[in-house]
Amino acid sequence: MSHNSFGKLFRVTTWGESHGLAIGCVIDGTPPLLELTEADIQPWLDRRRPGTSRFVTQRKETDQVRILSGTYEGQTTGTPISLLIENVDQRSKDYSAIAETFRPGHADYTYHSKYGIRDPRGGGRSSARETACRVAAGAVARQVLGPSITIRGALRRIGEHGVEDADWDWDAVGGNAFNCPNEAMAAVWEDYLDGIRKAGSSVGAVIEVHASGVPSGWGAPVYGKLDGDLAAAMMSINAVKGVEIGAGFGAANLRGEDAADEMLPGNDGPNFSANHNGGVLGGISSGQDIVVRFVVKATSSILIPRRSVDKTGAATEVVTKGRHDPCVGIRAVPVGEAMMACILADHMLRHRAQMGA
Amino acid sequence: MSHNSFGKLFRVTTWGESHGLAIGCVIDGTPPLLELTEADIQPWLDRRRPGTSRFVTQRKETDQVRILSGTYEGQTTGTPISLLIENVDQRSKDYSAIAETFRPGHADYTYHSKYGIRDPRGGGRSSARETACRVAAGAVARQVLGPSITIRGALRRIGEHGVEDADWDWDAVGGNAFNCPNEAMAAVWEDYLDGIRKAGSSVGAVIEVHASGVPSGWGAPVYGKLDGDLAAAMMSINAVKGVEIGAGFGAANLRGEDAADEMLPGNDGPNFSANHNGGVLGGISSGQDIVVRFVVKATSSILIPRRSVDKTGAATEVVTKGRHDPCVGIRAVPVGEAMMACILADHMLRHRAQMGA
Amino acid sequence: MSHNSFGKLFRVTTWGESHGLAIGCVIDGTPPLLELTEADIQPWLDRRRPGTSRFVTQRKETDQVRILSGTYEGQTTGTPISLLIENVDQRSKDYSAIAETFRPGHADYTYHSKYGIRDPRGGGRSSARETACRVAAGAVARQVLGPSITIRGALRRIGEHGVEDADWDWDAVGGNAFNCPNEAMAAVWEDYLDGIRKAGSSVGAVIEVHASGVPSGWGAPVYGKLDGDLAAAMMSINAVKGVEIGAGFGAANLRGEDAADEMLPGNDGPNFSANHNGGVLGGISSGQDIVVRFVVKATSSILIPRRSVDKTGAATEVVTKGRHDPCVGIRAVPVGEAMMACILADHMLRHRAQMGA
Amino acid sequence: MSHNSFGKLFRVTTWGESHGLAIGCVIDGTPPLLELTEADIQPWLDRRRPGTSRFVTQRKETDQVRILSGTYEGQTTGTPISLLIENVDQRSKDYSAIAETFRPGHADYTYHSKYGIRDPRGGGRSSARETACRVAAGAVARQVLGPSITIRGALRRIGEHGVEDADWDWDAVGGNAFNCPNEAMAAVWEDYLDGIRKAGSSVGAVIEVHASGVPSGWGAPVYGKLDGDLAAAMMSINAVKGVEIGAGFGAANLRGEDAADEMLPGNDGPNFSANHNGGVLGGISSGQDIVVRFVVKATSSILIPRRSVDKTGAATEVVTKGRHDPCVGIRAVPVGEAMMACILADHMLRHRAQMGA
């Protein structure tokens, strides 16, 4: 058991605080002889990096990753891969005022309540900075999965403005500041978020991640379900309050004749009439796309004062000064992809352990 | 690693197929000197049991539990508790026709795809019958948690008919056939489900589970989050397609000033202005009620024929004969409660391992 | 984590007390489509069973195993295999006197000290009866390993009388009451143990287990070492006080030029000049025979009175009445074989998870 | 599951190759509010460090440890502790010749056989350099255990020269180059090892580690036994071929009346007439000293040529040039102590998880 690890066979352990010397992770169980250098990881980190538009925090982090172990001459050796990212933007003074105060909606109070101590600099361990390690691990997971599996994420919704299936265009995702799969909606979001940002507020979002090319048969009953592990993985991302597979909560309204994706003769396994089950049946992949959705709440680090208490229990007020993030969901897209990649890599290894191929 | 276990320190391993000789579970890690006899477990099983109204399957299972180990003179000894429930209604003939066919929306195809073999009798391992073991384990978990923690579940929604917060009445839950927290809505559901049942169809549902009395501080960053474990636990229940904590997917629409539950001075820890976070901040309990919601899809075992394929890949049609379950969500309520109890018992032990009390 | 489980991918959880209703185990992770019926397990249990000669306890246990789940029409399905052995010789009265007393050399005191409660009937969970579950699991593990791997055990030593390598004859093992690999030594042991038995005493023994046909490459650095897991597995058997691989403690006296088994060109991997390393180098199998030895102490359930204390801490005397076991090591041979089989099956699955074959 | 982690609740994951950029470990599960700075760890590393006498390798490693995470203002925060030790003596050229050759008695062949690739520089992951991480983790474990538990190790035997119990003097251990608990024997060893060193050879050794002050009740049946975990931990140390608890293999010769340590009334739990069981009964600590012994084989990195094969399978000869280690067991003493500390810290947390204190 480890509070800071996930995965069973492709196992990732992360460590580090937002404003400590460094953050990093150790990845154990990777098969040998895979190509892996820093150049395979850095692009994914660059995509997650803060400071790339006015809609995400302007914190300056270069997030340069170094591989400290587990490779030899550009290939994995099967031994643990240690990745290290130094913290360069350690402006601890910005956070000194909050050391005595619990920010509402953050983990300040619960960490203090549990441990009796917390690293107040930038949220310490509870900072979203930790997700850089997930993205780095996800890059390694993609090497494990190989080119036949494609993992893509996009922002499905910001506040009340969501993209419908009919308007979904994967090719649009890279062309705007929001990971938005629809150009017109990206323009709507731009105005919308500018308004929220100027109001000193923030708003929630829904992220959707697809994995294509996953063969049928990955996963396991009953507590090793692929969707169970995906649910835990996505829920473990900062600020996530819900996870769906396939039709998700929409399944409440579906009749049995609609919820059951019909099977039709196909060339390589059955064809399905729909994908309400999000590519998972009984915890095992069906060969359809794996479709996961998760919701990220609005950050409470906003310019609008909120009531709170300090360490002594006395009433106080908390307000964030300077830069703030109007929609943290934007940066959660590559994180969601990374978690999908890690969970799939883990289940790929778990599947062949039991099945032999 | 075990595909059929969950929990780290309060650890439950279940086994058994729907129409095998028996089902059961082994519970490891239970503290000693807790009162535990079959009488502490049986009432919870009775509540989950099929055949108690016309809205749930009429399969006859007495679900009598026997404690085979781990207690002495009515007390737990700290050694593994083995629970056994014999299968008495093994009408295998009902299912013989489907041995060669994959039921759409069920795990038939994915099990076959993974293992090359499946127990076709009543769904085998993928049957909802497995959830009886969860309920039994949940009863043991309640003994671990003690009387200061209350776990309650109810049906929040059936199809398009949901109960609003303002109409919620915990006392109503036991007074109808639906675990419905509102008497008027129960009447609506009765008509609604009768219609669905007569149409040979089925519909989905949303279950909500609350835990009161959980102290602040349970859970852990980052992959040992209380809500991450709850998400996996609920998603592992048959037919579940989504899990929410607190505001859940509704958090997408909330502004930062609304999503952050404000903290106010209180007598025993802070008071909170609301509970949008469902009692969990940063993966650690805040002292508020833990609030989890999950959606159960409509069963595809219906009287309406659906297209499918057989083992050879050829087209066929599947239709359920005789009794069927118009809303499997009804029986999922005690299962959701049990999973909540098990996860909390596990985190109680995990918390005191690290913190000493 | 589970105190009562071992193995990572071929995972065995045992439960049950010596004089409870039954004992049993759940085996998770077994590949599907292996032949498995009770007839594959029962012969191994029969070999371990008490009451087969005057040198082992005369307790009457038929040890009939039943498979409750995980197979269909004589084949494994990949789901958990639940095995149950009912306890038929529950002569609890024999043990009633010791409920208040701690038997020296037994776990009575430490269980009481830890749990504040213990099942005093026949040693409860600490009874060697638990090893029947290991033997049953070992039979399943042999099916996983297949016919190319041979696992054999024998008694290397009883008290001061040991069998030398030069006198070792595997074919002799089945021909005497001691699992002795040398007929002449079996005769010596017969006299020797008769003397010890008549003196009301007991003596220790050393068991040796070999596995042939294990390919090179199983195991892993650094805490997943094959020999590390074997050490834990053997040490977990009742009354074991030491475990060796290859030359074992004899390696203390070896010079570097002798301890290093030289490698010579071979047809299928290298040939080795010797096997001082017991088939394991750096935690990974070398293709040589895996050779493990462990020591079992003399049971303290003897006819000679020993000083002890009771629950109140007051001085008392303990003496075993009736039947006793002059050398519990004899029955440990099939248990050691079973643990070897289980650990190898686990590492076979672990190896192919990472390596793909 | 992780091949490179050990412990369940006090969980250590190590990474790094002998001649890579760095080695390190991540320690998860440490309670908060413990004093911890580099000054608490460095002295233990200094004791293990090479190059401190002519009897150990002259490799120059300063082994300076840095704490990268998990502490704040000199105290643990309960989050993962990342420790890093940079490799400064990366003389890769010394080892370049062996990249194509398998050193007999080393893991070269088995790593190659498993992974198809290995880092040949200084043994890569299989190097004893990895044990520095164990020692660092052990220092953290000692902080967890607190001052009431004392862990001490010594060299019991080198080759044929062993220290008897009657001659054992803990105070002598620090006064010689061998961790020898007897001054006269240290002088014998000095001559003896000089001879072996000059002959270009090496020899094995036995290390003994004691833990005093461990309360009764730590550990668990049946596969969570304290001695089972200690056996795995010690066997996982490089070159170890056997592990004993208490009387160990000597228990083979003991009669039941001698093997059973009698219990006598005591002030704080019973007194025992002896400690043949090494402080563990039924896998649970008895309150007596925990006594563990393990054997380290002679290194095969010697000046005497040995036959081997190269990657193509062709015959070759291997001989170590320059400095060599006549008895690697000397440096294994602090490693054995560290493993004892880690296992005890883990069981301390495991005990209070289930028992509540």
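In order of appearance the chains are A, B, C and D, and numbering begins at 1 in each one.
Everything below uses one rule, namely that contacts are C-beta pairs under 8 Å (C-beta built on N, C-alpha and C of every residue); 3 or more make two chains touch, one makes a residue touch a chain.
Everything numeric in this text was worked out from a predicted model, so none of it was measured.
Ranking every chain by how far its Cα centroid lies from the centroid of chain C, the top place goes to A. Two chain pairs are in question, A-B and B-D; the one with more C-beta pairs in contact is A-B.
Averaging C-alpha coordinates per chain places the centre of chain A 39 Å away from that of chain D. Taking the mean of the C-alpha atoms as each chain's centre, chain A and chain B sit 26 Å apart. Mean C-alpha positions place chain B and chain D at a centre distance of 46 Å. Multi-chain contact residues of chain A (touching two or more other chains): 1-5, 8-9, 14, 29, 32, 78-79, 114-115, 125, 221, 350, 355.
Residues 1-6, 8-9, 14, 102, 104-107, 109-111, 113-115, 125-126, 130, 157-160, 196, 201-206, 216-225, 227-236, 238, 241-249, 251-266, 269-270, 273, 276-278, 280-287, 295-302, 304, 306-309, 313-315, 350-351, 355 of chain B are the ones touching chain A in the complex. The part of chain A that touches chain D in the complex is made up of residues 1-5, 8-9, 11, 13-17, 20-24, 26, 28-29, 32-33, 66, 68-70, 72, 75, 77-82, 84, 114-119, 124-125.
Residues 1, 9, 29-32, 78-79, 221, 349-350, 352-357 of chain A touch chain C in their complex.
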